[in-house]
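The structure appears below as structure tokens.
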Amino acid sequence: MKPRDEVIRITASMTVACAAGAAILGAVYVATDRYQRAAQLADERGAIVELLGLGPGAEVTEVRQSLDPGVAGQPATRAVIYEARPLGDHGAPRRFAFSLDGVPVPVAGAAGARAQRAPEPLGHLFVARQGGREAGFVVEGMAQGYKNPIRFLVALTPAFEIAGVRVVEHQEDPGLGAEVATRGFEDQFVGRTADDVARLDVTRDPMPEDWHAALLQLERTPPPAWRAAHAALLERERGRPIYAVTGATISSRALTGGVRATIDHFRRRWALIQPQLEGGS
Amino acid sequence: MARILVPTRRGIALAAILALAAAGLSGVLAARGAVPSAGRMSASPPRGAPRPPRILGAWVERSGGESRVVVRLSTPIERVEPANFRFTEAAAPDLPIVVREVRGARGAAANASARLILTVAQPLDPSARYRLDILEPALAGEVRPSAWALFLAVILSSALINNFVFTRYLGLCIFFGVSKKRETALGMGATFAFVMVTTGMLSWLLYEFVMKPLHLRFLQVLVFIGVVAFLVQLLDTVLKKTHGALHEKFGIYLVLITTNCIILAVPLLNAAADAGPLESLALAMGSGAGFALALFLMSCARERVELARVPPALQGLPIAFALAGLFALAFMGFSGLNLFR
Amino acid sequence: MSAALLPPTPPPARRLILNGLFAENPVFRLALSLCPAVAVTTTVLNGLILGVAVLMVQVLSSVTVALARGLIHPRVRIPVYTIIIAVWVSAIDMTLAAFVPALYAQVGLYVKLIVAFAIIISRLEMFASRYPLVPSFWDGFGMGLGFLAALVVIGALRELLGNGSIFGVRLVAGKPLLFFALPAGGFFSIAFLMAFFNWIERRVGRGRGRAAAGGAHG
């Protein structure tokens, strides 16, 4: 009898230990998850306000885009669903949908037959309004970096000029690829128009010293004042390609390509989104 | 001293069969994932009618600065003007990429060739995923590198470019302990590769079919280390009962594997990247091969260093670390290696 | 303090802390848990975060095992220790992810890997399973502190040489020796620091041997 008692005791104690562990972890998860989401939201808002230079009283609308895979076997039933809600609001979002060719279609969220497969996320962007007018856009993008994906935000003025680029998440090597996540590299994009960016390339030539010094100042000076002070320099550099980080050409090219693709995609989709956002309540 | 019930041969055999079946099942799933989805979206024809054309495969080719999409069909199709083709990035299906020209392969006419070459208006990335829709007849296909190319690419990446020891600095404790002699290094490398593949696939199965649906992702660490400990214990017991001689040789390595960082890192990485079965298998195989390679190289070098005159303060571990540093420098040469360009 | 020499009454707190910092420093002397020592120490801040995480896991696990040592069956003690460590690692991982997400992003994978560290489980086996709560706490604290100190020192060396800064505060213009920020540089920094510790040990050992003919052990 003794060996069997032993086995039962051991099994019981191991099960208790595992169960207790899982219970503790569940509790910690629930507690921290809420906090983490709140912190992330605050970060997002802070980044948007800073990138676009928004004042108090600005409204930011968050737009999430996803692909409804539609009915299996009928690719024509696929649709792109947009959900718009004020940033930080947890209420029901406003939803509108388009077929893949840009024709508005009814949103079929509730229909059982359609909601077979989960929608795949396609994009995430923020539209800012201040004083009754558009104040800019912030679009999230992803690019494949040296080892892992790089997640970044591109801020655009209402005239589709780049207001700023911020790398949000990356796992590049410090001193090399991680340099693309510094203001010194990101600020090279500031002021370029969407058309400039469509042709943007990356060069391995070293950055001219005066341009480097001017970029370092951009961190401390408000953009309009900076633009006025360095107008000639801006004129000269605007037509030039992005200067890659020494030893990190792959990461530099990845981020530049990502910014280019993100702006291109956003411009094409904005034509569809804009009337919906303004027309609706 | 209380005796734990001695496991019977049948019980051990059953457990071993279960473990192998799990690995085999994942292999089957991986193989299924290797078949590209092709033309299954077209409606099935009535019996007796000629079979409609299907897209057998499509991929991107790049030569010089030009990118082309090569499409293999089961039979030629009639309508081959660019407007009949809709080509988009998989991640942006609502933004079509303009197709400029459709040619047949090797100079044949496009409507008489089962292999078409599409020229598009922008440069494409051969390792990215795209989607091709043909409007008439209604066909759809994924444009992506072949599953085998992807498989090889992940193996290459985890074995050489992002070698777990020299680029990701994982598994160092065992690494320095075992790499003193070539024999032990090879033994450990082989054992590790085997355990890595089984653990990796079992963890993937658990993650995909148990933890994700039940929203138990926060139990990752607990479950993965449990799988490792369980498998190692199982293998140890099986080996002791069935092949005593083999157990003499490899038993000690098995026990050491439990505290190896890599064996835990691979399932964690797969979970974080939401990898499919093929990718997970590739990562497990590649990391096993990379670790074995690193061990072998290191043991060769260390055997030599044993015979050299090393300053007393540097003897033992410090010089081994310096050696590892030199290897890490050498492995940096693999960076930028890309199977697709 | 190998297992054979463990005294029946636990040493005082001060002794335990100093032991963890110098005589049995997990990284430089025992050469355990080296993975993060190279991976994470590209900057002092990263090393600090991981060191703090290891310290907390070590202390919490030691305390848990010391409290529960009567309940754990000897034959399954290793799996139970592993479970305890895994639970604490996951809890701290989630806490760090929630409260310091930007810093956590750099070291995320390595925090989860703490569960595979040999140093923690060996400490539980050797010390916490035999001694009551308070000495186990100080032992865990000492070892954790030794690990933290090691990571901070390596991180300081690599950040200063590789990036010219400490804690992000720029001290030297430009990057003196970028090599040290790379993985290869990490291996070399540890090699040199270990050799340095060895050298000190030999010097101190020679001094002590000369001073004391026979008596107190080092």
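In order of appearance the chains are A, B and C, and numbering begins at 1 in each one.
One rule holds for everything that comes next: contacts are C-beta pairs under 8 Å (C-beta built on N, C-alpha and C of every residue); 3 or more make two chains touch, one makes a residue touch a chain.
Please read all numbers here as calculations on a predicted model, not as lab measurements.
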Selected pair, greater C-beta contact count between B-C and A-C: B-C
Chain of greatest Cα-centre distance to subunit A: C
Cα-centroid distance, subunit A relative to subunit B, in whole angstrom: 28
Centre-of-Cα separation between subunit C and subunit A, whole angstrom: 37
Gap in Å, rounded to a whole number, between the CA centres of subunit C and subunit B: 33
Multi-chain contact residues (two or more partners), subunit C: 75, 79, 83, 86-87, 90, 94, 182
Per-residue overlap in subunit A, given as positions that touch at least 2 other chains: 10, 18, 21, 25, 28-29
Overlap residues in subunit B, where contacts from two or more other chains coincide: 4, 218-219, 222
Residues on subunit B engaged by subunit A in the complex (per definition of touch): 2-5, 40-41, 43, 91-95, 133, 138, 140, 162, 218-219, 222, 335-336
Contacting residues of subunit A [partner subunit C, same complex]: 9-10, 13-14, 17-18, 21, 24-25, 28-29, 32-33, 35-36, 39-40, 43, 169, 173-176, 247
In the complex, subunit B residues that touch subunit C: 4, 166-173, 176, 218-222, 225-226, 229, 258-261, 263-265, 268-269, 272, 311-315, 317-322, 324-326, 328-329, 332
Residues on subunit C engaged by subunit A in the complex (per definition of touch): 42-43, 71-73, 75-76, 79-80, 83-84, 86-87, 90-91, 94-95, 97-99, 101, 105, 162-163, 175, 178, 181-182
Touch list for subunit C against partner subunit B, complex: 31-35, 37-39, 75, 79, 82-83, 86-87, 89-90, 93-94, 109, 112-113, 115-118, 121, 182-188, 190-192, 194-196, 198-199, 202
